[in-house]
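Across the two complexes that follow, chain A remains constant while its partner is chain B and subsequently chain C.
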Partner chain A sequence: MNIAPPQPARPPRPGPQARRAVGRPSPGGGRWSRFDLRGIPYLLVSPYYLLFAVFGVFPLGYTLWISLHDWELAGDKSWLGLGNYAELVADAEFWNAVGNTLGIFVLATVPQLLLALMLANALNKRLRGRLILRLGVLLPLVTSVVAVAVIFSQLFSRDYGLVNWLLGTPITWQNEKWSSWIAIAVMIDWRWTGYNAIILLAAMQTIPRDLYEAAAIDGASPRRQFWRITVPMLRPTMVFVVFVSTIGGLTLFAEPVMFEGNPMMTGGTTGQYQTVAMFVVKEGFRDFDMGYAAAAAWLLFVLILLGTLVNYLFTRRIR
Partner chain B sequence: MKHTRLATAAVMTAALAACGTTSTPQPQTPAQAKAEPVTITVHTFGGGENFGYDKAVEAWNAAHPGIQVKYQNLTDRFEDVYLPQLLQRLQAGSGAADVVAIDEGAMGLMAARPQFFADLGQYGMQNRKADFPAAKWEAGVNADGKLFALGTDIGGMTMCYRKDLFKKAGLPTAREDVGKLWPDWNAFLETGRKFEAAKTGAKFMDGPNTIYNVILSQEAPKNGNVAYFDKGNQLVIESNPAIKTSFDWVQTFSKAGMTAKLQAWSPAWDKAIKGGGFATMGCPSWMLGVIEGKAGEGNRGNWDVAAVPGGSGNWGGSWLALPKQSKHPKEAAEVLNYLTGKDGHVMAFEEAGAFPSSLPAQQDAKVTGLKNAYFNDAPTGQIFSASVKDLLPMFLGEKHAQVKTAVEKVIEGMDQGAVPYEEAWARFVAAGVKAAG
Partner chain C sequence: MNRATITTRIGLAVALALSAFPIYYMFIMATRSNEDALDTPPPLLPGGLLGENVERLLATEDAHFLTGLLNSAVVAGTVTLSVVAISTLAGFAFAKLRFPGARLLLGLILVTMMVPLQQMGVVPLYELMVSLGWTGQLKAVILPFLVNGFGVFMMTQYVAQAVPDELVEAARVDGAATLGIYWRVVLPALRPGMAVLALLVFMQTWNEFLWPLIVLNPDNPVVQTSIAALNSAHGTDYVMLFTGTAASVLPLFVVFVLFGRQIVGGLMEGAVKA
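Right after this comes the complex of A and B.
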């Protein structure tokens, strides 16, 4: 079953001729009016692109330039070509960080999206106090990441932590990969599940009612309606949600840093939960090897592109 | 230089913003310079009472209406907050204070970057040489052979202990008796066994790295005054017996289960200092200020100071330097000269317990006679004077801070069980080699 989303009807746009006619009369001839028409729109959107050029494109390019050097922070700089990349590809610590990042990403994102989908479906039903419930799931989002991480780090602390108390265990959550990953994934999910649920809910509400009515008349159960109508209709939104989660997951930084308790960026004593973003900061601002950090940042960029591509191919199959 | 500045500023905006400190440069027009007082900023780091310059700065500001000092302690974390920020500001050419404090761990790094610091010899400070122990003075001379930093405090070494926990464990509590419990580290280990056997609910020591640094500070002088790097800046982590001995002691303590497995300078460590989670901690002089700050008024009298096992040693201590970017280097030099002078040292000692490296200050009656009220009126002046006698501070290489951080992570991992004991030494060496490379 493949249903194209309905296209909203657009009012016909006035053609260029009509608009020129309402343009103000220009005493200085056609030059101003041509600029007014062709130039002003660019001028109006330019602030964003100027800022983007300064804070987006330039740092990207400059990071690439740095990554080709042996570049010490406030120290010596010499050309290295692709030396940093060659070293990085052979660096077990870098791949450990990549593994951690992907592991935490999967551990956090998969349950989060499933949960968000179920939450959204539940909130889409006729419920008492629906508004309150809908606002409630969004509430974690308005807390700061650092506050969330601080509180959860205390919950997962060894000596006086609530989680250890409930489980009756003396686990040092930072000590093992599995335990630290779980703790960090819980922080991420607590904050982002509601956000994704609301986005999915908004998309659900655009699905025309008559589809469900038709399905109900044909005798489809609510479960069948969910999998055969709701999920396929959510596909574009799913793609968006998965992309945003991928980017967020692969640049994961604040939660593990706060979880470590100090900003050394090692992600545990043996790098149990050091993410790639932490690796970049550690190399650049703890070991002062900016060139190496820049190379790692570029590899992270490539990784995100790959991750997004994989997700794109994957989500395309959900029909 | 200009493109570097712009670029650095852009790339590092995020990092600087994250650090959250802003320093607004004081606009000074030449016409106003005479009438308006010159503001000299002084930036330091450290927990608790840190550098203890409040009184010294107050006294200076009262006596010098033309040069007003603005003193700011930026953070309690040096290696991972203060140092990267300082390097970025030096590189950017603006933002650093007129007088900056540097911890011993980064002195090798800064000495290798003479382009950023003013030559203090230009301001007549070459004649201060007789005021300092040779090692303290020489660490302030950079790769160009110029004097760029003068010493502030020196660590010295004692052992702090919780009187209330010792009492609970049935151990002596008077500081002379406690000192006699542990003439050497073997005796310290025995005391630890007794303490653990008493099951007070607390551990004998905080974590592995405090004790590691204490022992290393005593072992390094026995092995040519070097730690991770020899004087030619070659990594000697594997061949220097001082490192192996210190490592082995930590492993012994860890295997005996005497550490609270805490990471120094973490929130959990702070909590345990306050709540009595452990009974002893190696105490360089500046650590007294840290304990007082973290344990708080409620613990007044609970902490005390005894002699350290194994004799004198030094851990830590700092220097003040004058970045070239300062707009008022002459006035800044005067302030630096004052703070590292006898009066500055004495006032800092009175305020924060940071023991003076200045020789005239060490002999001052105010220093030798000082008692620390927070630590049951312990005669800290006398205790630390004894601990820095014949002291030979160790040489620290350019990458000392990076290697130190990396190997201490392995020790922590070993203590917490993430690194098996039998693999720990190999991982320790490997981490050091990687951080130095």
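Right after this comes the complex of A and C.
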């Protein structure tokens, strides 16, 4: 996942100079200068697209091809048509992984957004040591997912973990769906809440101040101003934050793998917290059923596209 | 902007404490013994065993921890340099040159950013690396990470505002070729933006887990997979695991503290334009 937000889709307008330059070859004249103006731009942007063709388009297409076969890494490769998909749709283990992925996503994202909103609002007040505070809430983002998983697996361990000690409970957090989901959601939220708060804070600071001044003159309390001005003005940014969380959440992998502690990819004894990404890796690289894994990867992609589409429709409605 | 109330201040203090505590805890554990780690309540103050734990970590042969650190530095460094180069070239073209199809190409990048390549591409990329005979080698990790749409977008945006059109125009009048303009006019003006992009890409690459786990062999890991190996083979040796984890995040923390102001600034600037 990208650490920083994407920029708008519209390219900035080329300056008038650039436009004029196209029609006016430089004094050197001739074929070279025409190539310099017409051809070089494509040359400059080509590395990205070449790399994307090899490491983006090719894998997507090839995954689709593999998914239509009974495909073993070194063995048989026989045509199955939609056989893998048919099997997958009837595979309870796959749907369990889908359910886990969506469940953990919701459990992590909803509190995270609320907390990020509150945190951003607090960071937007006048106070000293603002840089320190901002760096402080961003620190978890710098910590790798693997490190987060190691630390929190220990904090959530049954006998010697701080969480059980604080709660006075003897819970084996890995054992049940609800408890493993909570532990994993806590890891995700710890790492991402501060980042989302900083993004929301940036958006908050672009809200015109006279909106608040006018509201204050009308006697609106700070709480009312927050819900009536800040939150509505933040909606586009919220949609962006949800968008990023969706992609990250649906491809969840490292946290549950490290939480499990062994590389079995089963997500607990009965798959309590096996995510779709874990399912793909398990089928492909532990059971060596590449075709089946590829089909699961494509269904995951479809899931993400659906998530993105819902997001997009939501954004359009807001505008 | 209102003044912060007492409740706000307390809330922020709690948030800061929650952010910092797990990291603090990790460093504490790295200085303790395994017996301490099993105390209830767990220890909250540093002990004096850091040196011993580091020695034990480095002596654990199946983790190849030093190799992992070195490999991560090579991978993240190479990826960062390449992504910055690719992104500034493309950013310059998109922001300051006019050519048919520019809009379409740039829009395409946004679409590519939605594809979770790491997960989707795992199976075919692995087959590709097998057929090239590159599995277990660092280039197999590096190459797929060079596809970074975010970098191109960020740099397009940055060039547009950091390089005045007049400057490009003046260089053209002087007879400079496009590549010369890139090298002598554009690049010098981009340094701050390049630094932010470089830091973000370095952190992201340093922290990658899934793809290196699949394509590298356990005896030639990156630091993240080395920790995963520690976790599965020596999971009960908590303090060694924590020592490795602490060592793996320390380089990033140093960079983060040194360049914190720029990173926060860069993130917030990017967010406003989104």
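To be clear about the criterion, the second predicted complex is superposed on the first by the 279 of 319 C-alpha atoms of A that agree within 3 Å, B and C clash if a C-alpha of one lies under 4 Å from a C-alpha of the other, contacts with A are read in each partner's own complex, and residues count from 1 in each chain.
Rule of thumb we're sticking to: contacts are C-beta pairs under 8 Å (C-beta built on N, C-alpha and C of every residue); 3 or more make two chains touch, one makes a residue touch a chain.
Remember, it's a predicted structure, so these values are computed and weren't measured experimentally.
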> For chain A, which side has the bigger count of touched residues, chain B or chain C?
Replying inline: C
> Given the touch rule stated above, what does A:68 touch, chain B (first), chain C (second), both, or neither?
Replying inline: neither
> Should A:308 be classified as contacting the first partner (chain B), the second (chain C), both, or neither?
Replying inline: second
> Does chain B (first) or chain C (second) touch A:176, or do both, or does neither?
Replying inline: first
>> Just checking: does A:125 make contact with chain B only, chain C only, both, or neither of them? Give me first, second, both or neither.
In response: second
> So, does A:113 touch the first partner chain B, the second partner chain C, both, or neither?
Replying inline: neither
>> Is A:56 touching anything from chain B or chain C once the two structures are fitted on A? First, second, both or neither.
In response: second
> Thinking of the overlay built on chain A, is A:184 touched by chain B (first), by chain C (second), by both, or by neither?
Replying inline: neither
> With the two structures laid over each other on chain A, which partner does A:133 touch: chain B (first), chain C (second), both, or neither?
Replying inline: second
>> So in the superposed three-chain picture, is A:80 touching just chain B, just chain C, both, or none of them (first/second/both/neither)?
In response: neither
>> Residues of chain A that sit at the chain B interface in one complex and at the chain C interface in the other, please.
In response: 54-55, 58-59, 62-63, 66, 73, 159-160, 261-263, 281, 285
> How about chain C: which of its residues touch chain A in the complex?
Replying inline: 1-5, 8-9, 11-12, 15-16, 18-20, 22-23, 25-26, 29, 37-42, 86-87, 89-90, 92-99, 102-103, 105-110, 112-128, 130, 143-144, 146-147, 149-150, 152-154, 156-157, 160-161, 165-166, 168-169, 172, 175, 177-179, 182, 200, 203-204, 206-207, 209-210, 214, 224, 227-228, 231-232, 235, 238, 241-242, 245, 248-249, 252-253, 256-257, 260-261, 263-264, 266-274
> Can you name the residues of chain B that touch chain A in the complex?
Replying inline: 7, 10-11, 13, 15, 77, 79-81, 84, 87-88, 90-91, 109, 112-113, 116, 261, 263, 265-268, 271-272, 277, 402, 405, 409-410, 412-413, 416-419, 427, 434-435
>> Which residues of chain A touch chain B once you look at their complex with the stated criterion?
In response: 54-55, 58-59, 62-63, 66, 73-75, 93, 157-160, 172, 174-176, 261-266, 268-270, 272, 281, 285-288
> Of all residues in chain A, which touch chain C in the complex?
Replying inline: 1-12, 14-19, 21-22, 26-28, 33, 36-38, 40-42, 44-45, 47-49, 51-52, 54-56, 58-60, 62-63, 66, 73, 118-119, 122-127, 131, 133-140, 142-148, 150-152, 154-155, 159-162, 165, 190, 194-195, 198-199, 201-203, 205-206, 209, 222, 237, 240, 247, 250-251, 253-254, 257-258, 261-263, 277, 280-281, 284-285, 290, 293-294, 297-298, 300-301, 304-305, 308
